[in-house]
Each structure stands twice: as C-alpha cells, then as structure tokens.
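Two complexes, one shared chain (chain A), two partners (chain B, chain C).
Moving on, here comes the complex of A and B:
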C-alpha cells in the first residue's frame, strides 16, 4: 500500500469536479452560452440539499463496510412534516418547530443505533426497517396537509446574492467544519480508524461504540436539517420529498471519492458529485432527451464515473 | 442445550409459521386452497427475485437494481415477447448476459457493487420506459396460463416455493460449483490461491442472478397480465430483506436458499396479514418495518452467543 503517494497523484474529488465542469460546458455549448449562470445557480440550490444528507451518509459509510443509512429520506420527511405543522406559518414558532423537528431526527438516530447495536441487525436492514416506521409516523402525523413554511424560513431557503444561494454558502461552511472535524478531532480520526479496521481501532483503546453512535446521530441530524430547509425551499413538506435522496445520498458520497469499504472520507468530492448529478440531468433536459434516454444516460454516467475512478485495492 | 445453529436455521420457518398462524387466526377463511393461493401468489415473483439477490449476496456484493430489472423484464415480455417471440427471447437473453458482464466489470475494476447496481437501476428503468412509456402491454397467453394454473390439493405458490428452494438448495449447497460460489464470498483469496478463477465465479453467479431476475419478471407479468416499468421498484428492498430474514449474511458467503424463499413468503404474507388486521393505511408500511425488526430481534436473541466467536 502506498496511500500517501496515491493521494498526491490521484485526488479522489478531482474527478467529480472535472465531470461537473465538462457537463456544464457541454450544456452551455449547446445553448450557445445562454443561461450558463442560471444553470449554475440552480445547481447550487438543488445540489446543496443533496450535499447536506450526503455529508451525513459519508460519515456513516466511512465507519466501515455494511454501514449505510437508508432512513435518511424518511427522516427528512418526518422532520419537514413536524417543522411545518408546529410552525404553522407562524414566525413566533419558528425556533420551536426547528427544535422539535431536530429532536425527532435525533430520536431516529438513537433508534437506528439501538437496532444496530443491541439487536445486532445489519445497518442496511435496520435503517430500512426503521425508515418504514418513521414514514408511517410522518404520514399519520402529517395527514396529507400541506402547510406553508413561515416567510422567514422560505426566505432563508431561497434567497440568493449575486446568483449564490445563502443556504449553499452556509452548507459550504458546514462542509469545511466537517472536513476539519474529520482531520483534526479525536471523533473524526476515530471514525476513519473504525472504517479502516474496527478491531484494531478497538484494541487501540478508541471508543468504537460511542463514536458509531454519534455518527448515526449526526446522519439523522443532517437529514433533519435537510428536511426543514427543503420544506422551506419548496413551500411546504411533502410525504414524498425524501424519495430522490435515498439513491442520491449514496451516489454523491461514492462518486465523490469516499470509499465504500470505509476508512476514507472525502468532503469536497460530495460537492463535485452533487453538482455533477444535477448538471447532468439539466444537460439531458436541455438536449431534449426523453425520460427513458435521460434515465439510461444518468445510469451510464454513474457507472462510467465510478469505473474511471476505479475501485480501491482490497486491503482485507 | 439446543444447538444454536439448528435454531438459527429453523428461525425463518418459525417466523413464517407464526405469521401464517396469526393470519389464520385473524381471518380463518384464508385457511383454504383459494385463500392460500390468493395470499401467496405474489410470493412467487418475490421469492425468485430474492433468490437472484441471494446469488449476488453470496459473493459479497449487493444488487440495488433487481427491482427495476424485474420491471424491465415485464416490459420486454409484455411487448417484444408477445409480438415477436424470437426477438423477445433474444432480448431476455441479452438481459441475462448483461448481468454477467456487470459481474465481470465489478470484479475486474474492483468496483463497489452498490454504486454500479445503483447506476444500473437507472439504466433498466430507462430502457423499460423507452419500451413501454406508459403502463400497458399484454402478458403472453402461456405465461398467464402457467401462473393461473390450479394444481391439485396444494396451491401453486406453495409447490413453486418448495421447487425453487429445493432446486437452488441442491445447486448451491450440495454441488461443487455451489461450494466454490460460496467460497468466493467466504474467502476470495483462498479460493484464488487454490486455483479457481474469481472472475469466472463472479460472472457465473451474476448470470444466474440475472436468470432468476428474468424468471421473477415473467412470473410477475403472468400475475399482473400487463406491464409497468415501475411495478417492481420495491422488489429491491423486498429481496434484500428476504435474504436476511432467511438467515443470510451480507458477507462471508453465508446464505440459505430455502431460508430465502421462506423469507420472501413471510414478507408477502405479512402484507396480507396487515390488510386483514384492518390497521390504518397510514401504518401499513410501519407495521411491515416492525415485523422485520421483531424477526431479526428474535434471531439476535437466538444466535446471541454465536456472534462472539
């Protein structure tokens, strides 16, 4: 193994940014330079939501093979529904709504960890089963009523300066913070260590249990934040608002260069991958591709990117 | 003390028995030929998809595209296979070959199967939408005839389940090919050093998975009689849950064909059971999640000592 050398010669996140740039250039070449800026703005707006859940998913995936959070979409929905219903378009209840929604998300994180740790259910199945329960809770609590977000939340989620959405800036800051946490804090280093070799991490005296617990909490919390922002952005919570995020939260993590085998996280790659995924769909739309062709090309692109990026050498 | 391994192997059957007993208790009229047939008919395609998933899980991969693949097979069969049988068969064979190729790609480039099959799920869905933009088409007559065939005494789904589980059990658990296949999941390095080709093994396992995926698509179409690209989207999750309910593990080549089929039956039955219980539709999905959790919690209790190695 030559991780240092490999890291220098082959920045894992570079590929996704190059891919995003190429797709964007192809799009504006087609339109003759029209709307290039607008496309970037909307890519930032929509991509930001994928990035938020992607960050949580990345932390979970980094803790090792088999770890993945499939309850993200359901948690987003639950959080959005709770936030909208409690706020009830009333500015005064904004904070209470946010607090309630995030607490509910944390409860989901705790429940996921209990299933994984105490019942030793594989994380994929544990988070899948819990997502069914969460979704039912959201359906039953939400009762299909669409309540508008309070104006200030909608404003925060949609406002942009010079084409740059405020939320995107905030999430860039969050990404930086998480990158520092990963590189410089005991928690972050432990997450990476567990992903590389759980047993070695445990033997080295690292607190494997509580770090894994914190990671599932973090993923649920990010899903909750995303749910609130998404509801603010799209004028209310919808029961299917999380649907697209199941696949995209995993796709951006892996396309962005994070190792599915765990132990190797990549924060900037998530941004590149999220922008790439959005720009790709935009390009195909502008090219006038039929829904079928659009789906096929999206799939082929995902496979092509991961094939070019290559798999990591199996170390175990 | 009872051997934990036997208990563990018996657990899927026990879960099925409990769900079945609960269903009979809530709705005694299901305790008949027609009741069972009606409740379990959709278990056939789910069981076939679960077997497909099981072959992938055997070699430590995961297939997130099996649902859309089953949908695609339905779309091909309700259009091409109906109008031009030769072309239809060729298309289905191409689908199976594609699965083998994906296995080769995943192995040669050492790619994460989750992502590759994630991408594939878009490809299958896209092709299906191109073939059949809106739900429609028609199942070939012979397919409908097979799926609605009324076997004497024992309903078709039960016979089908025993047949599927039995055949796959013999192929995977008793043949030398099966040992190599499971070995590829258990210890790929040892297998390679012993002179077996990992590439060939993976391609073979993926191809078989593709074959069972096609069977799942055909049997589902025989039941629904018309196709829809999205009809089987949930099968991805069902198939994974079925394998795990059946006692399989995600890594290590530890799977059980009979268990997987029984897991699929349990899932299909749980759906019917929840409808009979007349719980609010809001909680239908949630109750399914709860059943999954309860069964797996039971397994954790039973196998508690085993995991500590």
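Moving on, here comes the complex of A and C:
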C-alpha cells in the first residue's frame, strides 16, 4: 500500500486534480452547498471538448520542442461547418456528414505536415498560417448560415445519465485508448523517443518522419471530432466556435503535467486540467468577479498550478 | 639568442582516467614556425586549448615572452598576451558578416564608423595573405563557401589592433583551401615569422609541415617524443616518430584469422558519395575498422551507410553512437526501455508491446552485457558512462540487425568495460554478424579483419588483418601534400 501511495504522490497529473477539487470545494462553500452537482455536470460537458483537442495537442507537443498545433480552432470550425451543411438536419446524411468533416480535417493535417516537413516552416508558423486558410475556407463554404444539427447528433452530444454526459464517457474511453497507444505501441514509443532526442530516435532505427506525420494527422482528426460534437452540443456550427480552444488546448496539456520540452506525455492530467480550467472560471463567475479580474485570476491560478506541479522538473 | 614567444614546462592535463598531456615541455621562439604532428589522441588539441586559455593545466607552468604566468590563465588573458588560434572546426559566427566577426576579436573597434574600420582592417589583411580572394567584408559568413570562411578566419587571426600579435596557432588551416590559396598562406607564414611572430602549424599534410616549418615537434601519448629542425626530418622519419615500436607486433597475435573471403557481401559503399575512388566492402561475419585522423569522413561514411545513401546494404542495420548524449540515449527513459527500443517489433502482438517479453529481453541483456544496475527500470542516467555505453551495445546486439555500425563507441569508456565489449564483438562476429567500426584507437584495430584508412573523406588505404601496423596506418593518414 505504502509504495503505491508514494508512487501516486509522484504522478504529475495529481496536481491538476487536486486543484480542480479545491476550486470546486471553494465554490460550493460559497454557495452553501447548492448546485455542486450541476457545476460538476457542466464541467464534464464543457471540459470534455477541451480534453478531445487537448489529447491531440498533447501528442504533437510530446514530439519535441517547437512542435505545437495552432490550427486546432480553425480545423474545429471547418469540420463543424462542413458537417452541419452536408447533414442539413437530415438524419440520413449523418454518416456522410461526419465522414466529409473528418476527411477535411485529415486534409488539414496533411497540409500542416507538408508545410512543416517539405517547406521546413517551423510548426508554430506553419499551423498558424494554415489556420487562416482553413478559416477562410470555412467562412466561404459556410456563408454565415446557421444550420441545426440532426436531432440524433444533438441528442448524443447533450444526453446525460445520472448527471454524466454520454460524450464524457466516450471521451474517457478515448483517453484510455490513447494512454495504451502511448505506453504499449511502437507508434507511442516512437513519439516519446522523438520528443527526447530526434537524432537518437533516427539512429535507433525508428521511423521519425511517418510518426511525426501521423501525429499531426491525429491532432487534426481530434479537432475535427471536437468540431462535430461541439456543433451538435450547441445547436449548430459557428465561425467563432474554436476561439477558446487555441489557448486552452495548450494550457490543459501543460497544466496536466506533459513536458513542454517533449518526450513525456500525460493523459489523465488533461482531464484534471480541463476540469480545473472550467471550474476556475465558474468559481470566479459565482464570486461575481468582473471579466477583467476573472482573466487576471485565471492567469495567476494557471501559473500557480504549473509552478506546484513543475517542482519535480526543476530538480532535474 | 632568439627571444622565446611561449614556453611550457611539464604541463599535465587529465580528463578522469585519461591523461591527455603527460608533462609537455615546449618552447616556441619569436619568429619561428613550429610544425606539430601526432596521431589522434596524441594531445595536440588539448595542448592548443591550454595555450589559448580554454583549458587550465593540472600541473606545470606557462611563460609568455619569458615571463612566467602567475595569475589566472584564461581565454581573455591568452588573447591579451597576443595568442590567436584558428581551430579546425571553424569558429566564426555564421549569422554575422566578415567585418562583424573581426569586431568580435577586437574590442577597440567601437564608436562611430566601427564597421568601416573593421572592414578596412580585415580587407587589408585578406589582400595581404590571399591576393585576389574575392571576399567582401560585408558578406555574411553563412553565405560563403567553406574555403572562403577559412580564409576569413585565418585573416582575422593575423589582424592586429591594440593587443600585440605574439603567436598564431593554425590547426589544419589548409583542410578547406585549394592548392593556390594554401600556397599563399604558407608564403605568408614565412613573411609573418620574419616580422617576429611565432606560428604553430598543425597539419596532416606532411609536405606542408616539412616545407613551412623551421622546427618540428612530434607528439605521442601526451608527450613530445621527438624534436628536430625541419630539415632533420623527412616523411619516413616523421611517420616513424609518430608510431611506436611495440605496437605493430602485438596486433598480429590478437587479430582474428577468419575465412570470410567467400561469405556474402552485405555492404558496399563509396565513401565520398562519388562513383570513383576505392569502395568499402563488408562481408558477413567481418569486423571492419575505419581508421585515420579524426574528422576525415569516417562518421560521415557510417551515416551514409545507415541512410543507404550511395550504399547498397543487404541486411538490417543498427548504429552504436559514440556521442551518447546527442546520438544515443533517451534520458527520460529507464535502462530497459533504452535497450529494447530497437527490438520492439519482435515482441509486439496485435499491435501491442508485450511488457513481460520486454522485461525479459532487458534482463537477458543486463546479464549478457553485465550492465551494473540493481534494476533495469532505473533511469538510464543512474548508470556510469561506461554502463550507458553497454546499454547502447545491448540495444544494437539485442536487435535483429546483422550489420552493426559503431561510431568510435569506446570514447570515455573504462578499460574493464572495453575488454568485455571486445569479447562480445568477437563472439558476435563469429556468429555471423558484421561490424563496421570507426575507432580513433590503434589498439582496437587489432580486432578487425580489415581496416580502411580515411583521408580527406576518401579511403586512402585498405589493410588486411595480417598487415595492420601503426606505421602503415600513419602512412595512409598523413598525405605528402594536398592532392
């Protein structure tokens, strides 16, 4: 029991869960115990979307310094717009819409990789500039019309059992899958190896190029999935639907204990961090903080959590 | 009675157990060009680093212009004393112009119009040394071809501002120069020494050393072993002085006499990526040595074979790095993971790595390589350097690779570990694996069936096990003159 506890204490994701719990307790202490359950439910609903894109971002960041996907919000929007327009509220076109949206996302992933690999543009610039192209495509394709999702998609994206959203359960399953991929597959090992030392990974006979390619594809695919679900959840696609996810996709990765320097990923930490971020904003709202104060405190709290969780890294 | 520019008395320097300098006495007189020769590990580079102040000696004293240095000896002090060095690996800032690089060396170039003055300074020197050089002081270093970079760096070393110019060290200065500019440089050395500047010339071109120097010092094993006026040496006697008597015979007795002449050819490569020049051929079960002075294309050839670029390779390969930190280990991982990374495919079922099989493989190689650790799940950095290297050997040998490329892997490894690994290589070669082994140590060539000596990126000699001798390798490593 002792060693297990000790090992638990060394997990870098623990910090984000503790922080989330503390924030939640402070909130319900303020409300006198009212609405604790509802807050958790909505944290799960909204946090889930951040987790989906966060997982993709985590894989990209883990492949080493300089790797980041800034095209996630644009890809989400494009995917949502394509899905809604093709489905056109028709149940029969649901699958086709999903396939088309995800295919478009994969094209974005391929384009990102081409910019990075063939044109040797740093990922931060490549994905940022591709977002402009993607977003323009979404705007011209969507033409500002707001189309409702087919009822079954809306149902799937919003339904809850005992306060637990079905989507959250599905994404927990996805997270488990990804954790296994990281730990138990050659692809996962390669991602971790490249992140530590790309040259050594190449000399160890690992397929650096194709794994890097697959990782940018994966991130785009997850953004696409998130775009479809988000559209179902909020009653349609909107051109600004991805805006909040630019910073939050990166923040949950970092707060969750994944190394920004690469080579070390942390799946559960993404969940803790996503819940923490949502609960923090909720708490400040309930406290009646003005938007300015809310932003300042959010920034300060994120710094505090990273500092506490990063103690282990500093000693290295 | 000539003035002395610099004097070293009994200078010693050790890196851990390695004694790089074992008591060097050296005097360079003002106005003299001293040729310095020696093979890999003779201590030339360490000695130059001591002179330029980037390394401080463990023992011994240094005198500049006849005055013993008493205070702190540092790079800045060396610069003030008028000691300049052109290193083999060029040290100009690639993102700055030629003139700006000149400014880095001369702090008095400040205030209004410094750039103009820096340009004039470096242009005048370039004109003086390399007439018709075609370099504009405003050219950015990165845009210049390697030969012109070297010209700029040499010219910079000879520029004079407030500090006097006492001694210029030229470490392989002609390695990137063509015959004409090399000739210009050698002529300039003659003029500069006539003005009283001392020059130390290090080169693998013995003809250059013999013609440009007044006096030649031969280093070996961290000591100066021979010293004569230049006309007291010829090519043969220089090579003989660099080698030693005992070595040659001992290598024969330990070499493996194998009958690999008829086994299948696994690797064929042209080291200089052209179709001309001698070819490197590796057969099944052979241990092939790559010898010659460091930096003459051995590592590049290994990487070329590894990436199958202008090389035909009929077998899976594995690479054992010599530079563990940059090419080898994954330092966030356990020893086990570092060992198994090359072999994951062999225990992956339905796309999933079998953790038990992985642990078994790690344990097996822990005992086979005698990796000294209580637990293979410990981080790789808990191991000593030698044991980290063993883990890298285990990674390659545990894999399905039948051709193992080794990039001077015994750098900084203790003798006990070395002997264990040599045994392992012999056993594995007997079992049909082939090794391509770049080494900077003569003794290791004794384990090879055939040795290719490299010079200027090309194979300059191919020696079979029976005829491997230090003298023959030295002969092939040092050229008479630039070809």
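Of note:
Everything below uses one rule, namely that the second predicted complex is superposed on the first by the 301 of 316 C-alpha atoms of A that agree within 3 Å, B and C clash if a C-alpha of one lies under 4 Å from a C-alpha of the other, contacts with A are read in each partner's own complex, and residues count from 1 in each chain.
One rule holds for everything that comes next: a contact is a pair of C-beta atoms (placed from the backbone, for glycine too) under 8 Å apart; a residue touches a chain by one contact, two chains touch by 3 or more.
It should be emphasised that the depicted structure is a prediction, and the values quoted were computed from it without experimental measurement.
In the superposition on chain A, A:186 contacts chain C only, with no contact to chain B. In the overlay built on the shared chain, the residue A:235 is in contact with neither chain B nor chain C. More residues of chain A lie in touch with B than with the remaining chain of the pair chain B and chain C. Residue contacts after overlaying the shared chain place A:295 against chain B, while chain C stays out of touching range.
Look at A:200: by the touch rule set out above, it reaches chain C but stays clear of chain B. When the two complexes are overlaid on their common chain A, residue A:122 makes contact with chain B while staying clear of chain C. When the two structures are aligned on the shared chain, A:264 is found in touch with chain C, with no touch to chain B.
Using the contact criterion defined above for the overlaid structures, shared-chain residue A:35 touches neither chain B nor chain C, since it reaches no partner.
Across the complex, chain A is touched by residues 62, 64, 105, 109-112, 114-116, 118-130, 133, 237, 240-241, 244, 249-251, 280, 282-290, 292-293, 296-297, 300, 307 of chain B.
Within the complex formed with chain C, the chain A residues making contact are 180, 183-186, 189, 192-193, 196-197, 199-201, 203-206, 259, 263-264.
Contact residues on chain A toward chain B in their complex (touch as defined above): 65-66, 68, 115, 118-122, 124-126, 128-133, 135-137, 139-140, 247, 250-251, 254-255, 260-261, 290-303, 306-307, 310-314.
The residues of chain C lying in touch with chain A in their complex are 306, 317-319, 321, 326-333, 337, 341-342, 344-345, 348, 351-353, 355, 395, 399, 401.
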